[in-house]
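Structure below; questions to follow.
Chains here go by letter, A, B and C, matching the order in which they are written, and residues are numbered from 1 within each.
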Amino acid sequence: MLGQNEQNIKQRMEGRVAANKISMVLFGLATAVGLIVLVLLFYRVLTQGVGYLSLDYILNFPAPYPEEAGIYAGLIGSIFLMIIVAVFSIIIGVSTALYLEEYAPKNRFTDFIRVNIQNLAGVPSIVFGLLGLTFFVYMFNFGYTLLAGGLTMALLILPVIVVASQEAVRSVPSEIKEASYGMGASKWQTIARVVLPAAIPGILTGAIIALSRAIGETAPLIIVGAATAIYTLPDSLLAKYTVMPIQIYNWTGRPQEEWQYVAGAGIIILLAVLLLMNSIAVLIRNKYQRRF
Amino acid sequence: MSKVMEKKTNVRNEQTKKPEVKSEVNKEKASSIIEVNDLNLWYGSDQALYEVSMDIPQERVTAIIGPSGCGKSTFLKTLNRMVEMVPIVKTSGSIKYREQDIFSSKFKQEYLRTKVGMVFQKPNPFPKSIYDNVAYGPRIHGVKKKEILDQIVEKSLKGAAIWDELKDRLHENAYGLSGGQQQRVCIARALAVEPDVILMDEPTSALDPISTAKVEELVQELKEKYSIVIVTHNMQQAARISDKTAFFLNGELIEYADTDNLFQNPQDKRTEDYITGRFG
Amino acid sequence: MAVSPCLMDERSLMMDKGLQSEGNMIDVQQMIENNKKKKTFGERIEKIIPFFLLLCAAVSVLTTLGILFTLLRESIGFFSDVSIVNFYTGTNWSPWSGEYGVAPLIGGTLLVTLISTLVAVPLGLMAAIFLSEYANDKVRRVIKPILEVLAGIPTVVYGYFALTFITPMFQSIIPDLGIFNALSAGVVVGIMIIPMVASLSEDAMNSVPNALREGAYGLGATKLEVVFKVVLPAALSGIVASIVLAISRAIGETMIVTIAAGATPNLTFNPTESIQTMTAFIVQAATGDTTFGSTIYYSLYAVGMTLFVFTLVMNLIAQYISRKFREEY
């Protein structure tokens, strides 16, 4: 009786162990799907785009023929746009984080701001485009300009910057704040001279990651009227502009196959810029990690 | 332990006797720089200090001893109002620094802290260079000129007896120093503001014995010019370096006397129990 | 630091005197005394700064209010032209001929979302299980950043990939698949949200106390059994929240569907057909010659508000679930 039972258990055990092995392989494969897709995507983009990639491509304006088209306007436009986005979103984002972490009283309004930021992060980017269209393009009458696009994108990434800055500010040890207060420093002196300098690596890392999200964004800029073809560089905040993703989108949508190669080349440039930004972020993070 | 709890009720009554004890102790000429009278302190609804009255003598080392949670750190941090960084803190009673009420609205916290400096339990240098650490205080109070800052930094590091060790490394990050060196830089940083009083909150508890000895030696030198209040967990340390010692228990000041007296001839049974190691 | 003469205030002048008279020593305390007497610039800063920071914090609130305001106001403008009942019950969306029944757009969005969920939830969950329960530290340290890269690819690149790679690949299996179809778009949206499901679910699984696992191992359970009988049930609310959030992302996704799913408002559940989502319509109308103030212009906002409500509800559900989840441990 007992022997029978034990044998049963043994048999079932083998099955259970086998199921465990099989499922482990299955889970591993599922994880690999993401990686495989990534490899395929890079392979596809490289093979399609690399033929059109050249210095001319980087330095040319859009053109009616694929061989002459270039991403110069988009590249420079993206850089200009990011400068505007960085200025507004970092100033407002870091200030919001400082308010929430250092000054905000514990009350309903503070809670409301926190929940609000969380919700804002979940709003689709295209809705921010509609916000920008109403306010920046029409109500403030900026038109389809760099400034309207920059402000729209700044609001879009604001929640990311606030959350990253909050974490950075929170991770400054209270001991060194106390040391500052202990010498008669005021609250703002302590924040400006101790808290902020110590939090800057974290803030910068977060900001660069947020900006690298913004530089790939397309939808809201379509809504606030980034141009698809432009033959001059923007020379003021109120100039027309285009950005790399918009050019890529425009080229992808054309029926002739050559334009897809042009788009592929644009994607290579865009991904290279993203890689550069993320490397900087990682570098900063590694250099200043765990100083406390 | 239970004995202590029972006696706690009596302490309130004994409190009235305190002035007598004090007058007996104060036969030495040293005048006091801080006078604490009937200080009570609450964290929210929990009372942490009960009717504490004591005078801190000028240019002496005053040690505060007692078991963990007895309120000694809280008391120390009340002297420069750092305790109020916890928003729910309430106090009653008075603390006078050179005859001025530190809780008065005319007396600014920031100003108080330039007079009553502090050294913390864990060395807490800023993640800046040694120079910038020491120059921090003068800078926030408006010193901008380089040559003046240079002088202050040198003088303060000398005051903390660490100038010779560090004079060639002033622009290195203070995080690269050993714990003992960091703590002495923190002392130099406190000296740079030229306070009258230096509060030390178990300044050697995170240090090795050799560094501890150096800091103790330094405390002896500093009392030439500064009034020092030091909280310590270590009774031997209190006996070694202090002129007067206060024993706290459960938020009350049990006994306050010249160090030799307190350790050799404690007046209160609880003090005796504590210093002979019966609890705590 | 060189201080130019014009920048020198009284204080530093005073210090210079001190410097000469007092044998090169400056009295910091003297300076503090001097500072104390005047109502300094510093004190004013101390009052202004919190106010300035509060104003900045208010920007995020204003943004939300701005979104609500613009969506509501322009939608109301739209519903004065087109009846709200027709908008939500009509099944024909052809704004250029005056037909505003939003159902085909909602249908298109839901179809793409459904496909993407079918891709992302199993793959994302399996990846989360693998990372949290099976992978060792080394493997995890390699795979997690790669998943992060997947999450950081711009959506326009995914759109390009869907149109030029996934669709031709599917066409070799399903010959009558159109160039624009819901299937490719949905699959690629699914791939895009895999990292979200995987990393949030993994967080939830990681926060399951080890003691629970050890209890089951102690009874002779295999890893697989521990996963399904202990870890998944315990992490369920976190997992569900991650899925809901990922669905919300899929609903709001724009570029992939605009590029790969087409521009044919089409109330269908056939994934091989070309469709149009709410987001794709907004892009289409905004890129076309939509005159400010026209009915089509206002329809952008009516569709935008519908989209916003969808994602808001999803986000609120996710927050509700994860708040409950936090209370459990």
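Note that in this section a contact is a pair of C-beta atoms (placed from the backbone, for glycine too) under 8 Å apart; a residue touches a chain by one contact, two chains touch by 3 or more.
The chain lineup, named per UniProt: A = Phosphate transport system permease protein PstA.
Keep in mind that this is a model prediction, so the values were computed, not measured.
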- If every chain is reduced to the average of its C-alpha atoms, which one ends up farthest from chain C? B
- Per contact tally, chains sharing the most pairs are A-C
- If you average the CA atoms of chain A and of chain C, how far apart do the two points sit, in angstrom? 10
- Message: What's the distance between the Cα centroids of chain B and chain C, rounded to whole Å?
- Response: 51
- Go ahead and note the Å separation of the Cα centroids belonging to chain A and chain B. 49
- Query: At which residue positions does chain B touch at least two other chains?
  - Reply: 111, 114, 137, 141, 193
- Set of chain C residues in contact with two or more other chains: 32
- Query: Going by the touch rule set out above, which residues of chain A reach two or more other chains?
  - Reply: 184, 186, 189
- Item | Touching residues on chain C, where the partner in the complex is chain A | 32, 42, 45-46, 49-50, 52-54, 56-61, 63-64, 66-67, 70-71, 73-74, 122-123, 126-127, 129-131, 134-135, 143, 146-147, 149-150, 152-161, 163-165, 191, 194-195, 198, 222-225, 245, 248, 251-255, 258-259, 279, 282-283, 286-287, 292, 300-301, 304, 307-308, 311-312, 314-316, 318-319
- Item | Interface residues, chain C side, partner chain B - complex | 1, 3, 11-12, 15, 19, 24-29, 31-32, 35-36
- Task: Would you pull the chain B residues touching chain C in the complex into a rising list?
- Result: 108, 111, 114-115, 137-138, 141-148, 151-152, 155, 192-194
- Query: Can you list the chain A residues touching chain B in their complex?
  - Reply: 173, 175-176, 178-186, 189, 193-194, 197-198, 291-292
- Which residues of chain B touch chain A in their complex? 80, 82, 85, 110-114, 117-118, 120, 122, 124-128, 136-137, 139-141, 175, 186, 189-190, 193
